[in-house]
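These notes open a run of structures that come right after.
The same chain A turns up in both complexes below, where it pairs with chain B and then with chain C.
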Partner chain A sequence: MARPGSVPLAWRNLVWNKARLLRSAGGIGFAVLLMLMQLGFEQAFFESAFAVIRGLDGDILLQSAHKYQFATRDPFPRADLDKARDVPGVASARALYADWFNFFWKNPIDGKVFLVRAFGFDPDAPVFSFADVNASRDKLKAPNTVLVDRGARRFLGMDSAATEAELNGTKVKIVAGFALGPDFQSDGTVIMSDRTFASLLRAPAGNPAAVDVGVVKVKSDDDPAAVQQSLRKALPDTIAVFTKPQLIEFERKFQADVSSAGPIFAMGTIVGFVVGMLISYQVTYTDLSDQLPQYATLKAMGYRTGYLLRVVFEQAGFNALAGWVPALLLSILLYYLIGRLALLPLHMTAQVILVSLGLTLGMCLISAAIAVRRVITADPAEVF
Partner chain B sequence: MKVPLAWRILTYDKRRTGLALIGIFMAILLVFVELGFFYAVPRGGLLLYDNMRFDLLLASNEYEYQAQPGAFPLNQFGPVRSSPDVERATPIYFGFAKWKSGEGGLWPDVFVIGFDPASHIFAPDSINRQTSVLERADTVLVDSTTRPMFGPLDTGRIVEIGDRKVTIGGQYVLGTGFMGLGVVLASDANFARLFPQRGLNIVNLGAIQLKPGVDPDRAADDLRKVVGSGLQIFTHKALEAHETAYWTTRTSVGIIFGSGLLISFVVGIMIVYQIVSTQVGRQLPQFATLKAIGYPDHSLAGTVSTMSVLIVIAGFIPALGAALGLYSVIRQETLLPVMMSEMRLLAVFAAALAMALISALLSVGILRRAAPADVF
Partner chain C sequence: MCAALVAERAEEAAVAWPAAPEPAVRVNGLNHYYGEGEARNQVLFGNSIEIPAGQLVVMTGPSGAGKTTLLTLIGALRSIQEGRIDVLGRDLSRLGGSDLVDVRRDMGFIFQMHNLFDALSAYENVKMAAQLGDASSSEMRQRCAGILERLGLGHRIDHKPRFLSGGERQRVAIGRALVNQPRLILADEPTAALDKDSTMNVIKLLKQTTIDYGAAVMMVTHDHRIIDSADRLVHMVDGRIMSDVVLHDALRICEFLRPIDLFKALTPQQLTDVAEHMKKRHFAAGDTIIREGEPGEDFFLISDGEVEVIRSDHEVARLGPGDFFGEVALISGEPRNATVVAEGGVDAYALGKTDFQTALATSQSFRDQLYRVYFMRH
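Moving on, here comes the complex of A and B:
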């Protein structure tokens, strides 16, 4: 007699009825797909909110201590940035001028007007690490010239070949483009020199010479944490001093706190999980019922319950994988299509892969654990 | 004989039927949840308008949504008010300002709505009861769903908005929609104090109330001829269409919940099919026996269809109840106006029945092939 384990019983059970395997993989797979989409959207939501912060070319970022989220103008005096430059260990401290509520872009094709996000910096002191922005920064030295986001929402007309448009009622020349894409707050982005920014900013937004974000680079042989401490000491407490990861964390906390996105996508994921659990319970339960005589026979032959349990759980694991793998492949395709269509940074990441795999295995194993009581109680004498 | 047979099959193995019910319950609940979100977002955009009394809305051609409304000069109200159809036209002012009294020294942006309190343009009782409060100098009413980061919203608290100290005169119940994280209502006079550079000559919206019996569509057509070319006039229906189009096509909201809805439908079909085909598979010997004693295929198909329709109806009712409960939880958690409408209820019911019948038809294929001799 073959020893327990030498026959891949779980595998044979799984592939014994191909039509049933297809059905169960389909059922579990779609529940997994639902979870994958929700997880992907959640991740895209947060990633798009961090895209600009990640693109800032600095180790330490300064902003007003009153600023509650990145995407709001709350500038601080230039003099504070000058003070930061004098702090030992600081290699450079550059100014980013930014606004989210006061720049109105006129679509050069159809003449419609839309609110856009605007950034300004001194072309000789670049603050972004975006290669396409830096490649054309010299062109921004001419007054009223702008770079436009080719990845912006289509209705802004920024992906057109137009060379002129209107920003806050002033004619501007489009000298080049870059690829950033919208987030959940802004539809598109315009980048310009600090001078152009100051001349175009509408009056109620306050002093255009004030800085929205100070982008600080630390000298290569200095410890960023120590420089951060010195900056805190040197600057008034109206200035918040963040490392880049800290600012991203601050933003993550804000978004998680106030936006509905977290609970919405979490709820979608949970529903997918419960649905998947029910489907996989149905699959395991049906399978166990069908195979009950066989299991009872094994028991009668002397196989221990532990072995039978292992077979059931292995099979549940296989079922989970049979649903998860096609769902993962399909979701990569859907991420690409929906990402293109909705201009969202929908990317498959290791985190989404691991979380979805964990959830899928979890739901299949939990439902197997509930269904398996039937095998444990299988009395050989009763079955026949 | 169909109903009793289908019924007996379902009640024969109660445990299994119970399981099937839970599965169908979840599938329908899932569709309701995605559908709720899909419609809630444009409803969030319409929240303010749903709580205002007007027949027509005057807006700039640059109007996108409330937080990006465009503006036009106050003197545009002249020709509107002199129209014989118009009872009253009320200017509405919108502005963003820093709320300098947030938790932890933060200055969140607050959305300020300015209007003439005597106009009673808002429907909520909580606003109309406090008209006299609004008329006090440097006093505002604050939306009760303004986020905790704005600090306590107690009546009498003095806060700094922009460069001005104002008193919270009370709270009102409306919801912040997509206007921002916090919203306050101010009289037009107080609005002008909060935004001194702007004054009252630049208006964001005009709420037009028509004389009784005037047809809004016709009045809108006539008014379009008298207002300047930079303005547009929305009827309620046109406004609803505009907001829905804005939120479902301009933002990524439509595609996010649209795709969720689509997947939830497929998952629903999967569950129902799984359940019905399992039921049929388990009763195969019995069905084969029926066939052997002379019942025709279509009679068995009828039994299977009845069975799946019964089970879907039985799953639908608790799912509807749970969806209503879940909607109220979502309303509290996300502050989105997730609501059930009769249209959607009927649409989901119809879709559920369609799922049941399609699954039944797919499963009948198994039956048709069931040769009595094979089964035993």
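Moving on, here comes the complex of A and C:
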């Protein structure tokens, strides 16, 4: 039916009444903004949760098979890590000691005590890819020295110029800082040597018997997947062997499916979607009602229902874009402001852009599909 | 009405319409109902009508007479329940939804409400119809601009409906209906919102379509300015076509009737009533039109040609255009007192016995005149 140079009816219908366009774009845009904020928070939540995993300098990561999420303490025997070193293709297998619930940090400025996340590693066997950490790792060889997260929440006082603080009641020397930032579970992070970690955790000093994460590097000529298989064969079933992306996916699944965070963010997005659908339905329904005689006239003239459907859906698509574009721009600004305030990695990503666009088009097209029945049933005989 | 027609039809009488093998519209035994069950209500009763190409037909009648229903059935906008409608050679009752849409593309619809898209300019509203046709882009542009020009809207072509007056909007809608040069135009009160000049302009354009490419125009209206321009007048009452008059014939009959002493005393309305009931009949050379001794059934008015009046095998008179015969037997109730034979080809208008007597009863002066003629001929 459409031919080159034909009248762009859907576009004309969209733009001819500027006030109405503003209202519909505002309404739909509001719902899109709700969805974008939810999607942004959800992504920030995941990104912050994955930040430590991403920062581990290894191809394969080992952890207890009983761990249901990364941020829980369930160490496995150091002997298993030693076993991993003997697997062909493994270049190195290093230990990371981690704890989320047993390190209490006293703010060096105001003396208030907060729970923080703590990591420990052998300064001669670095496990992080954070440049600041690696640059200062030699300083950690001295007992009771720590690196603090300068991106931690302000109330921890880690961004101050203080050189000493108290961790688990023990005075520690702040030898340098790094920038990791908080996540939804931890407000700040302290990194130290394995020895300091063990002493502060009140575990036997020196050579801790159990590790939380094994950070394995694969020799450059070997295939990580093949090495992973070999590790699985060599290690007991109590050890889970992940590539880094697999561990991130494992964590994502837990947050999305098991923890309450995933459903909360999903529900927020669904609410935005439903609100948007209602607004979009109202916009489309009103427009179709106003122009029902015109559509019936088109039918009388010889236009087929398919053409009318195309016009309605095109217009719904244009409405979606008219709401989505300003909402996207506004959300980029809000991401920046909220990210700065909440110290969260709130960034606009291609995934958020595509998902929000898909949801916006979906809500507008679904509502158009419901409203379009009015046009389908319009009786051209009634316009006489 | 007759007097007005005489003046305005003089030039148009010479117009030759294109010959059409099929009528544009043929309606046969059409019944239609609204509602179902006990609420079922018949709105059309056994209507039949044929509309040839090139004819401007005006439908009149009171509200609820079924005019619009008939129009929408002919326009393939409703399903036919009983009877048959052929439009542009296609039997609508046999067509499915998609084919009905195709039929509608060959028609132009003009509605009482203009139903223009507010978002589109006058040009684009017309183009919405034009792009249904198969014209090229440049031809489409030319047609759209041309029709708007002819409707006096050349300077308003880019204006949106809200910047046009009611009359201008309606003219855009008319342009939309005519831009594809449809072979059938259906219109419902198309000039209701127009002033006198615009109305005449529109009617002239519609009339021109019947001449230029033989479009049939079927229009519901109460606008007398249009009725005067119609080729044919169909009057509906209570779902039935009560009268169907080809105004060219009525006009010609009026022209003959007016100077005749017999009809001089009739008012224009009475004259029109008589004319509307007369049927045109053609007789070949040598045909016996009435035969002496037979009962009288019709009154005849000669339109073209000559007849010979024979009584007891002797020619007693010759009659030509404008002369009439056959009234004596109708007045007296006696058998024909003469035989009338066509000399060459003869066209005559016949008024049936019942209609003749109705006309007689209607006008005292007509009766007096007839009796005077009757006694003169005896």
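In the analysis below, the second predicted complex is superposed on the first by the 359 of 384 C-alpha atoms of A that agree within 3 Å, B and C clash if a C-alpha of one lies under 4 Å from a C-alpha of the other, contacts with A are read in each partner's own complex, and residues count from 1 in each chain.
Operating definition for what follows: a residue touches a chain if its C-beta (ideal position, glycine included) is under 8 Å from a C-beta of that chain, and two chains touch if they have at least 3 such contacts.
Computed from a predicted structure; not experimentally measured.
In the superposition on chain A, A:V215 makes contact with neither chain B nor chain C. After overlaying the two complexes on the shared chain, residue contacts for A:L167 are found with neither chain B nor chain C. In the superposed model, B is the one of chain B and chain C that contacts more residues of chain A. Of the two partner chains placed by the overlay, only chain C lies in contact with A:P293; chain B stays clear of it.
Of the two partner chains placed around the shared chain by superposition, chain B is the only one that A:G26 touches, whereas chain C remains out of contact. By the touch criterion stated above, A:L9 is placed in contact with chain C alone, chain B being left untouched.
In the overlay built on the shared chain, the residue A:L81 is in contact with neither chain B nor chain C. Look at A:D257: by the touch rule set out above, it reaches chain B but stays clear of chain C.
Overlap of the chain B and chain C contact sets on chain A: empty, with no shared residue.
Across the complex, chain B is touched by residues 23-24, 26-27, 30-31, 33-34, 37-38, 41, 64-68, 72, 74, 101, 104, 112-115, 153, 155, 184, 187, 203-204, 257-258, 260, 263-264, 267-268, 271-272, 274-275, 278-279, 281-283, 285-286, 289, 334, 338, 341-344 of chain A. The part of chain B that touches chain A in the complex is made up of residues 19-20, 22-23, 26-27, 29-30, 33-34, 37, 62, 64, 68, 70, 96, 98, 100, 102, 105-109, 147, 149, 181, 195, 197-198, 250-252, 255-256, 259-260, 263-264, 266-267, 270-271, 273-275, 277-278, 281-282, 330, 333-336. Across the interface of their complex, chain A is touched by residues 68, 71-72, 75, 77-78, 98, 101-102, 104-105, 109, 111-113, 115-120, 124, 127-129, 131-132, 137, 140, 160, 176, 188 of chain C. Residue ranges on chain A touching chain C, taken from their complex, read 3-7, 9, 12-13, 15-17, 291, 293-294, 296-298, 300-304, 379-381, 383-384.
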